[in-house]
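As written, the chains take the letters A, B, C, D, E and F, and residue 1 is the first residue of each chain.
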Amino acid sequence: MRRQHKTEKLSAVRKRLFVSVLSDVLDGMGYRDQAMAPAIRPLDDTLVLLGRARTGLYRDVYEVPIDRNPYELEIALIDDLKPGEVAVLACGASGRIAPWGELLSTASRARGAAGCVTDGLTRDIRAIRAMKFPVFHGGIGPLDSKGRGEVAAIDVPVECAGVRVEPGDLVFGDADGVVVIPRRIEEKALALSFAKVKGEGRTRAELRRGAKLGDVFKRHGIL
Amino acid sequence: MRRQHKTEKLSAVRKRLFVSVLSDVLDGMGYRDQAMAPAIRPLDDTLVLLGRARTGLYRDVYEVPIDRNPYELEIALIDDLKPGEVAVLACGASGRIAPWGELLSTASRARGAAGCVTDGLTRDIRAIRAMKFPVFHGGIGPLDSKGRGEVAAIDVPVECAGVRVEPGDLVFGDADGVVVIPRRIEEKALALSFAKVKGEGRTRAELRRGAKLGDVFKRHGIL
Amino acid sequence: MRRQHKTEKLSAVRKRLFVSVLSDVLDGMGYRDQAMAPAIRPLDDTLVLLGRARTGLYRDVYEVPIDRNPYELEIALIDDLKPGEVAVLACGASGRIAPWGELLSTASRARGAAGCVTDGLTRDIRAIRAMKFPVFHGGIGPLDSKGRGEVAAIDVPVECAGVRVEPGDLVFGDADGVVVIPRRIEEKALALSFAKVKGEGRTRAELRRGAKLGDVFKRHGIL
Amino acid sequence: MRRQHKTEKLSAVRKRLFVSVLSDVLDGMGYRDQAMAPAIRPLDDTLVLLGRARTGLYRDVYEVPIDRNPYELEIALIDDLKPGEVAVLACGASGRIAPWGELLSTASRARGAAGCVTDGLTRDIRAIRAMKFPVFHGGIGPLDSKGRGEVAAIDVPVECAGVRVEPGDLVFGDADGVVVIPRRIEEKALALSFAKVKGEGRTRAELRRGAKLGDVFKRHGIL
Amino acid sequence: MRRQHKTEKLSAVRKRLFVSVLSDVLDGMGYRDQAMAPAIRPLDDTLVLLGRARTGLYRDVYEVPIDRNPYELEIALIDDLKPGEVAVLACGASGRIAPWGELLSTASRARGAAGCVTDGLTRDIRAIRAMKFPVFHGGIGPLDSKGRGEVAAIDVPVECAGVRVEPGDLVFGDADGVVVIPRRIEEKALALSFAKVKGEGRTRAELRRGAKLGDVFKRHGIL
Amino acid sequence: MRRQHKTEKLSAVRKRLFVSVLSDVLDGMGYRDQAMAPAIRPLDDTLVLLGRARTGLYRDVYEVPIDRNPYELEIALIDDLKPGEVAVLACGASGRIAPWGELLSTASRARGAAGCVTDGLTRDIRAIRAMKFPVFHGGIGPLDSKGRGEVAAIDVPVECAGVRVEPGDLVFGDADGVVVIPRRIEEKALALSFAKVKGEGRTRAELRRGAKLGDVFKRHGIL
């Protein structure tokens, strides 16, 4: 997997961009299904999640295997995380699986991973919050995945909370939610976003001074 | 639109009443569908929302118009907000639309508006929280309404989160949720609520001293 | 109802165990439906809920009775709460009923009750939070149960948020959710949990030092 | 309960009116919540259901009682059905209960009852169809109510599939669904419906001859 | 709107193709969201629906207008239907609206229209079935749209039962459901479908003679 | 897999028993989760499904594999079906997958299989109905599983429409739905069902003659 964007570029994204700006820009480029469903929330909404997707695709199971390690692929994914990568765990519609918790957070952080997003559940939330590790999740609950779900494939395309995620896509989460920026349009999407963020500053200042929305919109075309 | 209740009266509502008290009183008057669904939550549950409804009724759309401004009615509504008014944005059942964000909050506050309630989504939540502008919403997400939803009508009756809201109705929200007080019964509902709040003080004091609920209920008929 | 576990034992549970540990242990014992659905959340996620279940089973109603007290069984349940007991209020699937609020919290605390869990709604949440009374709920909303729901039976088996709860079962809630420990397996489940919590300490320490999940799992079999 | 409408009148309703006509008329009278949800379907859509409501309100239970007859009120309701009455069984939102089957159909028919409508499930459907007994239901499934649901009250107001039904209300079902005609507006609603049905005949004839909808609507105001 | 496909071509589609074949072919061409949700069912599953989409986009409303005709655009759409066209009525997620019935069926048939598909409800179903007019619907119910929904736009892109439909797209429904064939890929999709249908004949014959699926799949690559 | 029940025994089940009777008997034995959800319906409700479960467990996928046969396990399952076996295909909660159609029906019938039950969708329904092959399904739709779902395991425990099914369990479906009879209690459950069916004959006869339900229930204890 290439890692073409310099660290400094992602650092600027983290400091100056917002998920809502990226979402608007992706919309404008015709990529209108890039924002995860509002059910996905951050454990700590002061943390930003930013990094490249490493995907795990779960499936439901109905027995605890006795002759093999049910966590095999999950462990392989986490142990292979590189600095700046984001574990994207797609658990499907059943809502039965809580794949994430304190131990995986600890292991991921030790590898330098940037965080996790899952449409499944998470647990050990007080410990994870104390670690300041960014986790965006589909709910909170204590149920372990063992005997309920297993990773069926890693590093494959998945759908997570309504968005298709390919390995290497840029995942960006903040208090407003999570957007996924497909690799092939990343350069352009980020450039447009940096430009848009400047424009919004002007708009905001005028509105604060009491300008009419109608007038501001006519002048800047931004809402 | 008449504005018969003096500012001081609404100020007393804000200080001394609670949404749960109003809800009980409206129930007792036979108005039993005045509380919005529990999915509607405040962005900041220390803020109170109180004001007269100005309604916007959204509809789903599936294309970005090229020959007209899709925000036209939305802008008209916000630019016409009067001090103390509440934007009530009814987005319907699809859950696709995020009509509210920082710029509309800024513009509304500049007009003196009291806040916003929507069964759609909201975004830019950290900025809105920093402004202490009361927003009650049906979820958090970055997706702009452009190409997904448009205001089809303003200042019409709407249904928002299960409650019928007519323009001018009093909208009251706190940490417990949102109730809508129809204009024609507002005087009576508020008067009964001020009375009930006194009664609950007595009940609470007796319960704290260890009185049995059964005895307290017999004495005061309040639970 | 027997109360065989000494106070000191429950105090150790409160200090040293976690809901997620209990959940894993119950899973391992073959009790795989003991965690309430993730919709059940604490009003204050710094508080632990621990105590024996006293159950109330609600049913939907569609009129306010005029010739009897609709709260009769609810009052009977609360007024009979013993120190350390937890009110478990099963409201069913309609989501119409908000059975819990400040007055019941006040009355329950005065009896020494440990808290409340309900799959219904709760209200007066700022007052309850100020009391530091543990309430785990299925949502927040102002609607009183009068004319919408009534307690049909108390001290019977119920299903609350997907878990069967029998009177006297141990109810344990923290930031991760709520598990119910059936009476007959309580001794064993707690003993296994105290053991597991020690093992996780070792695992966590090794992961923090950068050990691979695969190696740690091979050594300790815990994930 | 009064039975003021002569048998001949109901017989004319059955022969000449349709549920969709009644629904429009009730709408026009401002009674806009009188049609049950589309999930309610007839077992046999060639049969018409028409009669006065006798209501049974179920609640969920989680144990089979050992010291009393769980069917007591259900039996009381069925054994008291009078000719032309319709059993309206409100089972609530859980969808767990299948209250109706062949034996209750047989017993009800023996009493002269007109049929049954329930938002719960029905079973023994081939036998019931063979009897030509009108049953409108919320689904088909074999699960008996014992240990899952019990009748908590009979002859009380209920809500069935979204419609409030009071004992004695006229219940009317055909292939298009079920409407409930409140007692106090029955006379007027039926009179208006007989009139509307005549008007539609003219409209239909003109449309068949190729008239434009716009012209027909201008002439008759019916669509 | 061009009408390039000769009538004879569509007649061959009707006789020799199936919705499931088209669905597979569209999948293979990378158009994987062309089948409407399974909630959409035919009123009469012996009838085939085939024709070009004429779209109507409904929005929810909460009052009956007094100063204008709420059916205006709906009437305009129906009165403008050309032979072979299919009314596609997108009613959105609320499920409140029943836009279709006997009168619109009669008027549409008089214009030579091919049928109707809606994610809303339909009514007057016995009359429509008697007419043998193909209607694919999202449910059956008597509630008229007046005061609940209005056509907000016609001949615009819509989403109906999960599928984007543009005016002029080919709509094809049979007992298995409904697929939408975008205009620009219609030629190719139909050609591939005629080819696939031949291949399936061979596969079926071999399977009937007891061939193993594995062998047949190896030979023909069709399942 | 043992096949201890003689063919004649299953033939008697088919002729003399009903799903609703089995359901009651299983309830009475404490097996209260054996009836599939009412969403599961027969394609042809005059056909009975009876046989031993052969399970296939699907998982969602998001790409069409290019280097392997995605149907491999599905084909293996069907090609290994023995006379009297029932394909039980558990597709999970997403509802995206339509695993069953005419070709699999043809291949299964050629092997002597008894039918299929799936919580997924089925297609080619007119052809399957013409074959009189019993298929119980969770919906009708044309979407093939390729690139959406794959069989992840066969002959494992699965959950289908809310019921745990183990390979070899007896699956019984008729117009009322589907029950699963666990292998270890099959003998007893069938014996009790044959007895119960006799008792119901008496009950029915008395009710037809106009006996009160209350009296009949007192005499026979059956409802």
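As a convention for this text, a residue touches a chain if its C-beta (ideal position, glycine included) is under 8 Å from a C-beta of that chain, and two chains touch if they have at least 3 such contacts.
Not measured: the values here are computed from a predicted model.
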>> Interface check for copies subunit E and subunit F. Shared numbers divided by all numbers used: above half gives same, below half gives different; which is it?
In response: different
> Which whole number of Å gives the spacing of the CA centres of subunit A and subunit C?
Replying inline: 31
>> What's the distance between the Cα centroids of subunit C and subunit F, rounded to whole Å?
In response: 37
>> Centroid from C-alpha atoms only, then distance subunit C to subunit E, rounded to Å. What do you get?
In response: 50
> Which subunit D residues sit where two or more other chains touch them?
Replying inline: 95
> What are all the chain pairs that meet the touch criterion?
Replying inline: A-B, A-C, A-F, B-C, B-E, C-D, D-E, D-F, E-F
> Touching subunit A in the complex: which residues of subunit F?
Replying inline: 57, 59-63, 92-95, 152-153, 156-159, 164
>> Per the contact definition, I'd like the list of subunit F residues that touch subunit D in the complex.
In response: 18-20, 22-24, 27, 32, 35, 37-39, 41, 45, 174-177, 179, 200, 203-204, 207-214, 216-217, 222-223
> Which of the residues in subunit E come into contact with subunit D in the complex?
Replying inline: 69, 71, 75-76, 78-79, 95, 101-104, 106-107, 110, 121, 123-126, 139-144, 146-148
